[in-house]
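Next up: the structures, one after another.
In what comes next, subunit A is part of two complexes: it sits with subunit B in the first one and with subunit C in the second one.
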Partner chain A sequence: MAALDQPLDIAADLAGPAAARRPGGLRASRRRRLNLFRWVVFAIFGLFFLVPLLSMVRFSLEGTTPGSWSFSAWTQIVSYPGPPPLLSAIEITLELAGITSVVMLLLVVPTMIWIKLRAQWFSRIMEFLCLLPLTIPAIVLVVGLAPIYNRIERYNTSALMLFFAYVILALPYAYRALAAGLNAVDATTLSEAARSLGARWITVMFRIIVPNMWQAILNALLLTVALVLGEFTVAYLLTFVNLQVNLFEISRSTTNAGVLFSASAATLLFAFILLLILSYAGRRLRRGRP
Partner chain B sequence: MAAATAAEAGAPRVSAARRPPLAWVGTVPFLAYTGVFLLLPTGIVIWNAFKANTGSWTLANISALNTGPVRSAFKGSLELCVISSLIGAIFGAILAYAVASGSPDGMIRRLYLAGSGVLAQFGGVTLAFAFLAAIGPAGFLIHASWYSNFPLGIGLIYCYFQIPLMVLVFLPAIDGLRIQWREAAESLGGSTWHYWRYVGGPLLAPAFSGATLLLFANALSAFATIQAWEDQINYVVPQSIGASFISEVGLANAHQGDALALGMIVMVVIVMTGYVLLQRRAARWQR
Partner chain C sequence: MSSPMTSTASGVTRTAVEVRMEGLSRRYGSVVALDNLDLTVQPGELIALLGPSGCGKTTTLRLLAGLEDADRGRIDVAGRDITRLPASKRDMGMVFQAYSLFPHMTVKENVAFGLRLRKISPAKRDQRALEMLDLVELVAQAGRYPHQISGGQQQRVALARALAIEPQVLLLDEPLSALDAKVRAQLRDQIRRIQLEVGITTLFVTHDQEEALAIADRVGVMQAGRLEQLASPTEVYSRPATPFVAEFVGLSNRLAGTVIGSVVTVRGHDLPLVDTSIPAGAVTAIVRPEAVTMASDDSGEAGPMTGTVIASTFLGATSRVTVDLGDTTVMAQLPTSEAATLSAGSRVTLTIRPDPVLVSADSAVASEE
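Showing the complex of A and B:
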């Protein structure tokens, strides 16, 4: 199970030191050939990835007659009347992203620090549980979650209740990011120093360790937000309306609605910016350390 | 008697000294949460897969997996996963090599990794819309007649998140290739072909096949994209689960969805076990 961490290691991939492997010692002719190969590959794949995205953006900017340009689809993001109305779904999704991040951090960060300081023997179990959602697809998890959500809906039928499931979905991403951060902190020495000066465990946790791993917490936060923005399966099958379900419903009732493409492009762009921030934040951290 | 009791009580006290007493209390909230929202749902799926509508134990749900529509869904899943994971693995590996051979702090690497992260893991239904805009019935680029063809059209869309996932998974393996190995091959008179045939290729083979398995599992569990692409016909298993879940129409009993889900768990666990084993072998040469 430990090896499962590889694919989700976006945080570490983006932030962690890539093996500094500059091919400086290559022969000049091979260097030139490699460069040619790289640019050809980047051009082809760049086209493959960008063309659908750019078509989406172009579609979102189309006016009433084909070939004309208009911003109306982008202004519609806030005013699209539905069915179903878009703005409320955006609100719900953003609120969900906030709640999920907070609950996830409150649940995972203290537990991880506690395990690191007081209960090392538990770390394997924690890792297993955190990476397990990778092996159990969301579509399977939702089948088992349905009876539990039936119970929850007796008390509260708001779509915000989705956060219970989203915390689980975000666990692998958040765990990897937080574990990388926590391992970089000499938690034992710090806590011994603080304890010997009379600090309580609560103080050690929130005033000593947490400030030393802000970066990792930020990474976990960004990944969780990106996940919640893109989540469809659980919400759709539990018949809650979040942003993605809303877009899906719009595509079913009105084909080729411009707002479909503007909202999709905005979501992807937002997630891309989150991950790009993550990669730059990671670099600053690395420079800060000797 | 008293001595015996003391001796018995002594044993736990020794281990209690090694493990700080009450340290486990700190793990209770986390265990409770994952217990209720992760382990319990999984348990419910497995439990219900063997339950009849009446509540008695049965194998009928499992044997119902061997009927026409379900078989074709499993076949469709298999087709789509094999095609998209093979294409994704090959092209993803090429792209990962191109990314890895650049500067580790360069702009290109950043852009490609952030982009890969978005497309591979957070795309959801929006990816289907991107292709709808590009090559759909009213597509901007071309009106591809094969857009609605299974597995061709959806296979192409799947590559759109499979290739980025391959880049993310395979990059560490390529980063692990040391320049000295290349130099050693060259100083012994080996050509580029010799290097890849006898050094680089065999070294990367376990990581490559492991990553391919991971892509396979990823395609197997994907639901959002294919549902947005076509929600009337159930081509793959996740769609059948979704359909049996939303309405029980056409299915003999309420726990059919659980049996399908159990089938998927079994498939994913087999594939992921292979991945872990291969990854362990690949890790030998990393770092």
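Showing the complex of A and C:
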């Protein structure tokens, strides 16, 4: 293993010239040992995550005879005729991610700032309410949501309506991210300073507090998008088709077991690339700020 | 509201206004933070509110700024009742104890923020922001972000920002508390210089008596939501109105004594009373270290004012000498030349200069009035 080549070099270093310069040598060797420890931990966890993923990809590329290679499991995803076709499922899911994020931020950010500045007494209740969805299993949630969605579907049967449920599902993650950001700024003092300079509450909120929590807003956004991209249970049980449900159906429509894995790998890859783009865009956006 | 520009260093003159607070009260739950406070600040005057934490000094400032609402009472600025006005319409510049610059704006943008809210043209507010930065000697830092400048500089920018909107009143809420001693003294003097130059009515809250005495036209000593004394720094120090003020401002010795007529007898010394209406009986007299003098005593005789030097602290021109009298210790402040002859362990006899003294009926000074 590559990671283990390095410690051997270090051992050789220590035995050689390092022995001549004792004083600094001791601290340096400690630092090296710490470094080694870091690499070992990193390698172990890396393997823990990577091996199953790589195995999955390898299996999806398995041909008809063991050990052979084939792209058929992957081509079957793309050639799936529907309904609905894969592309529309991707579109729906991306739109859902967008709508959920926007609704979430519009709902939670002003509320949290308001509570922080004007209604401290409510913060405990707010925290409890926001974290509540975490403790409710998806199945239970669906049982509760089903009658409501029955009602909703009378007016609109689009899978986009899932955003109601997704806002609730993403609430705990977004709340945590935003709370961390909000606590990092001295919102009380900043708002008092702004008010004494003549700012109204709305100005305080959007021109003083929000610009100082971009990082937290971006984090909340990333978590929300990640959740929507990976959501299967609620969509499936409420009989909506999003990306995950679509991939599941593709894999069921064929006898090729590899498709199930190529589909999983595809969603992972899709989510990974999207999140990468988002966080890169976020960093670009913040450049030029302190 | 904009006053005419002139070519003075501050770039601005204004008519100073009077601030009048009447019967202001504020309680938090069962805690009385402010108890029927009456305070009038003369136009252009700097009043320092001094007191221990929880005495109501910061509450006074926050009520004045409109950051909190009074339960009762009334605030007039320039003869106009502003008691119910929201903070954003009060036209008061405020500097906070905590660093309060907006982290996402440069120094100049911070100073110009209040002007931007007032819809002043970019060119004008740029010019005004630079004038204000010139006043606090920070023009060179105009393009920096708050995290790139020191704490002292941040507070100076905060002062410039507060003054940029040409407020009627300047409120300073322990602006120096977060700074180290040297910067604190410098900035204190700079604040005073700017305040005099601009001629703005100012309220300065602090728990540091040295700061209050050094900067203020008048010092208001507060305790338990009440104003104990409002007077010039010299008067507060040399003629404290209450035992609390005497104890809080400057150092003092608390010595047991007996009131007989218009004098109090402390360890064989008769001292005149500030307040001659005190009934006869046992009291605690408050004696300033400057009022205590001493002489070497080699006689070996015991007496109520004879004791042993246990410590001598060099303070520069003067030294503080602590003497053990057996049942109590007394601090004296002496010229260093005199104190040098009295090493720890030497026997001395004390004398108390017969300045008028304050007394309190029991050990709980606070309850006396």
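Definition applied: the second predicted complex is superposed on the first by the 184 of 290 C-alpha atoms of A that agree within 3 Å, B and C clash if a C-alpha of one lies under 4 Å from a C-alpha of the other, contacts with A are read in each partner's own complex, and residues count from 1 in each chain.
We take it that a residue touches a chain if its C-beta (ideal position, glycine included) is under 8 Å from a C-beta of that chain, and two chains touch if they have at least 3 such contacts.
A quick note: this is a predicted structure, and the numbers were derived from the prediction, not measured.
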item	value
Touching partner for A:L132 - first (subunit B), second (subunit C), both, neither	first
First, second, both or neither for A:F71, with subunit B first and subunit C second	neither
Per-residue touch tally on subunit A - higher for subunit B or for subunit C	B
Which of subunit B and subunit C A:F164 touches, first, second, both or neither	first
First (subunit B), second (subunit C), both or neither touched by A:R200	second
Touched partner set for A:L34, first subunit B, second subunit C, both or neither	first
Complex contacts: residues of subunit A adjacent to subunit C	185-186, 189-190, 192-200, 203, 208, 211-212, 289-290
For the subunit C and subunit A complex, residues of the former touching the latter	65-67, 86-94, 96, 98-104, 113-114, 117-118, 145, 147-148, 158, 161-162, 165, 171
Interfacial residue positions of subunit B with respect to subunit A in the complex	19-20, 23-24, 26-27, 29-31, 33-34, 36-38, 40-45, 91, 94-95, 98, 100-105, 108-111, 113-115, 117-119, 121-126, 129-135, 138-141, 160, 163-165, 168-169, 171-172, 175-179, 182-183, 186, 192, 214, 220-221, 223-224, 227-228, 231, 238, 241-242, 245-246, 257-258, 261, 264-265, 268-269, 272, 275-276, 279-280, 283
Subunit B contact footprint on subunit A (complex, rising order)	1-4, 6-10, 13-14, 17-23, 25-27, 30, 34, 37-38, 41-42, 45, 48-49, 51-53, 55-56, 58-59, 107-108, 110-111, 114-115, 118-119, 121-122, 126, 129, 132-148, 164-165, 167-168, 171, 173, 226-227, 229-233, 236-237, 239, 244, 247-248, 251-252, 255-256, 260-261, 264-265, 267-268, 271-272, 275-276, 278-280, 283
